Amino acid sequence: MQARNKLEENFIKYLLLLCAVTAVFIITLLVVFIFRQGLPVFGEHGFLNILLGKAWNPTASIYGILPMTVGTFYVTFLALLIGVPCGLATAIFLAELAGEQVARVIRPAIELLAAIPSVIYGLFGMVVINELIRYMERNWFLNYLPENYRWGYSVLSGAIVLAIMILPTIINISEDALRAVPRAYKEGALALGSTHFQTIFKVILPAAKSGIISAVVLAMGRALGETMALIMVIGNVTMLPQHGLWSIFAPVSTLTGVIALEMGYAGPEHRAALFAVGVVLFCIIAFLNSVALLLIRRGVDN
Amino acid sequence: MFKKAGLISLILLMSISLLVIGCGENQNAQEEGLSGNLVLAGSTSVQPLAEELAMRFMELNRNVKIDVAGGGSGAGVESSANGAADIGMASREVKDEELAAHPDLKPIVIAQDGIIVIVNQANPVNELTLVQIKGIFTGEITNWQDVGGKNAAITVINREEGSGTRTAFNEIVLHGESFTDKAAIQNSTGAVKTAVNADENAIGYISMGSMSDQVKGLKVNGVEPTIDNAKNGDYPIARPFNFITKGEPDGLTKAFIDWVMSGEAQEIIQEEGFIPVQ
Amino acid sequence: MLLTKPKGKEKLINLFLWASAFFTVFILILIISYVLVKGVVHVDLQFLTDKPRRMGAEGGIFPVIIGTLYFVTLTIIIATPIGVGAAIYLNEYTRENRLTKIIRFGTELLAGIPSIIFGLFGYLFFVVFLGDITGGWSLVSGALTATCMILPTIIRTSEEALKTVPRSYREGSLSLGATRWQTIYKVILPSAFPGILTGIILGIGRAIGETAALLLTLGGSLLTPTSIFHGARTLSMHLYMVAMETGNMEKSFATGVVLIILILSLNIIANFILKQLIARHS
């Protein structure tokens, strides 16, 4: 009886261990399969040719991903520019200013923002935001924009949609970081005669700095990986944006977008090139997330 | 405690029953008549027509399931060649390189289709010459006033690389020249319609069979873009719809294609706005 | 609450902070109501029970609803045992050591991977490589891919739920002679159940909203799936494909309405369970 119990116990333990290592198993498989498909392309076409090539022309077997890389980072940075101030402000509001009642209105709203599927954001962006931007392009900035920047689909649309989508991430993690600041700091500053706002901006925010930075980095990771909402609003034109500041009205393409759109009809060489894009994307995001994780861990230790 | 157990059992029961229904084959399948699954994939221009034909065929043969997917003519050729689809759909001729890479591809023309050049309903321009259209799509002509319209920049809408409609348009209208790289890209006939509908200054090209009141079709060289004009050759822009199989079709595939070429199906093709093959 | 009254410049900052916070609520209401208003006109019983025609530009979304249900059920059936099992192992069977650090790092890494990459992996592994077993583009392939994606969520929330179970429960049970597994099965799991359920519902929500990965693994068939080895569409996929391929925005918005109502209901249910959890532990 005892022996049978022990056997059962051990069996269950190793079954559960198997469950636990599944995640590691999946990641390994993922890396192996995708890199196996994508890496040879770098060999065939030249690593720099692909990474820095300005033209993406699959019918001519030209696979330069620079336009998509620029597009991805441009939209992401603009989204962070719009989203971080708003998100941080909301986080400060929730951590320091809001009473019970108000928080009970704001928090569910943020949760819901995070739960909405990206295609809904894309649909809204396609129909509403692009209309607004097209109006701006054709009425306010008509004389400053080249013909093909008057379409509505633009970096700006993508950035706006993306900013809304990353708000929950920024708000939640920043708020945690702000709340983690020891009370003593705040009480000390107030006791010395600072106003609440002075305390917030000169004491609490700096103390929460690393947490806030990791919030931004994580949000950046999310933004870099976003696919559906962007495909529906940025135009998917594989060209480098130009004309200085007016380039926010340029239609662009992202690394994620080109994979999603072209996988359906890609021939074998084209498909392999798309996997190579996947490899690049994976490396960028894995790097970014590792940085964020390290920052969070360091923040916790401190 | 009992309530919880009850809830869990209910959920489990529902899931299991869903799966059992899902895993089981159709037990009540009649033994006579055709049965099986067919996968069609490819041109988004052919897709609506193929779907209608598939629906009718499935009504006539209740044990047959036909899936019609998009992806573009390029994907149509690819998937028939690599077996992902039983029938590949293409809205153009199979290219020489494709035949060279896959010599056993067998295309069958099931219909003809015109390509309409469309503009927004609010655009005052009603007709263009082939030369003007070529100029617009190659980027030589950039303002509507150069072709009799308002003073406004032309938004050129193009299809994606794998599109058969694009390849056909390129050959027939542009004579092989490159499209302007300032064109906006949309991935299907439907998307082009939406884009042109939303933009006063847009111009694009779509399958004639997919034409709707959303947008306005232009006369080309003075000829109305109608099915009859395309049929008798007066309207200059038309191309074939191809069903492509790997090797000679057999079994269910052959049965479907034979039916598509029959009088009954060709009538449906005419009803849907395409040109039947006579 | 503000502890000192704002003066001068601070009043502006105060305004900005309040405005930002309510802006998030405003945006949420704007987006949801826009979709609901634009779409609810086209949602009726016929829409929910009819088959789609013209690639979704006409007709209804019945096969899509069935496809979504099948897909979600299958995903949960596969993901829950693995995720909860992993959480149990990490929380009950080991202490923190090298192995658990690797497991946790792997799980965190998995959580950060964008969905399109999962789509590529799912296509290569489940659709092509294991195609003979999974049926290629099928509900099985899609569910397995989605499992990979929601696994970190389920593991994380299950672990937290397990942590809330008081130590005394474990010690009491073990001292009465129960084995470790008996303790887990009969004492700990029931106690952690609401928390675990919340995690599952969160996972369901994510799976329903997922699109990119499913485009490459579920296939997008418009027929009502009658087998898990058959392809299908989910509501998110249908919304995207109708909007991009047919341009019929009305049907897209209508699909969006069904999708939003589904997500809202899930959220409400999850919150309700969470409230039960808090009530019980007070």
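Every chain is named by a letter (A, B and C) in the order it is written, and numbering of its residues begins at 1.
Just so it is clear, contacts are C-beta pairs under 8 Å (C-beta built on N, C-alpha and C of every residue); 3 or more make two chains touch, one makes a residue touch a chain.
The model shown is predicted, which means the values in this text are computed figures rather than measured ones.
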- prompt: Which of line, ring, star, complete and other names the graph you get from chains that touch?
  reply: complete
Field: Interface with more contacting C-beta pairs, comparing B-C to A-C
entry: A-C
Query: Counting in whole Å, what is the centre-to-centre distance of chain A and chain B, each centre being its mean C-alpha position?
result: 35
- prompt: Just curious, how far off is chain C from chain B if you go by their C-alpha centres, in Å?
  reply: 34
Task: Return the distance between the CA-based centres of chain A and chain C, expressed in whole Å.
output: 18
Task: Could you list which residues of chain B touch at least two other chains?
output: 70, 187
Multi-chain contact sites of chain A, meaning residues that touch two or more partners: 264
Message: For chain C, give me the residues that contact two or more of the other chains.
response: 244, 249
- prompt: In the complex of these two chains, what residues of chain B are touching chain A?
  reply: 70-72, 74-75, 78, 142, 153-155, 160-162, 181-185, 187, 198-199, 201
- request: Can you check the complex and tell me which residues of chain A touch chain C?
  value: 5, 8-9, 12-13, 15-24, 26-27, 29-30, 33-34, 37, 85-87, 89-90, 92-94, 96-99, 102, 105-106, 108-113, 115-124, 126-128, 164, 167, 171, 190, 195-197, 218, 221, 224-228, 231-232, 256, 259-260, 263-264, 274-275, 278, 281-282, 285-286, 289-290, 293
Field: Residue ranges of chain A in contact with chain B within the complex
entry: 58-59, 131, 134, 146-148, 150-153, 235-237, 239, 251, 261-262, 264-267
Task: Under the touch definition given earlier, write down the residues of chain C that touch chain A in their complex.
output: 1-4, 6-7, 10, 13-14, 16-18, 20-25, 27-29, 31-32, 34-35, 38, 81-86, 88-90, 93, 102-103, 105-110, 112-121, 123-125, 129, 148, 151-152, 155, 179-181, 205, 208-212, 215-216, 236, 239-240, 243-244, 249, 252-253, 256, 259-260, 263-264, 266-267, 271
- prompt: Along chain C, where are the residues that touch chain B in the complex?
  reply: 53-55, 57, 69-70, 73-74, 76-77, 136, 139, 190, 193, 219-223, 225-229, 231, 244-249
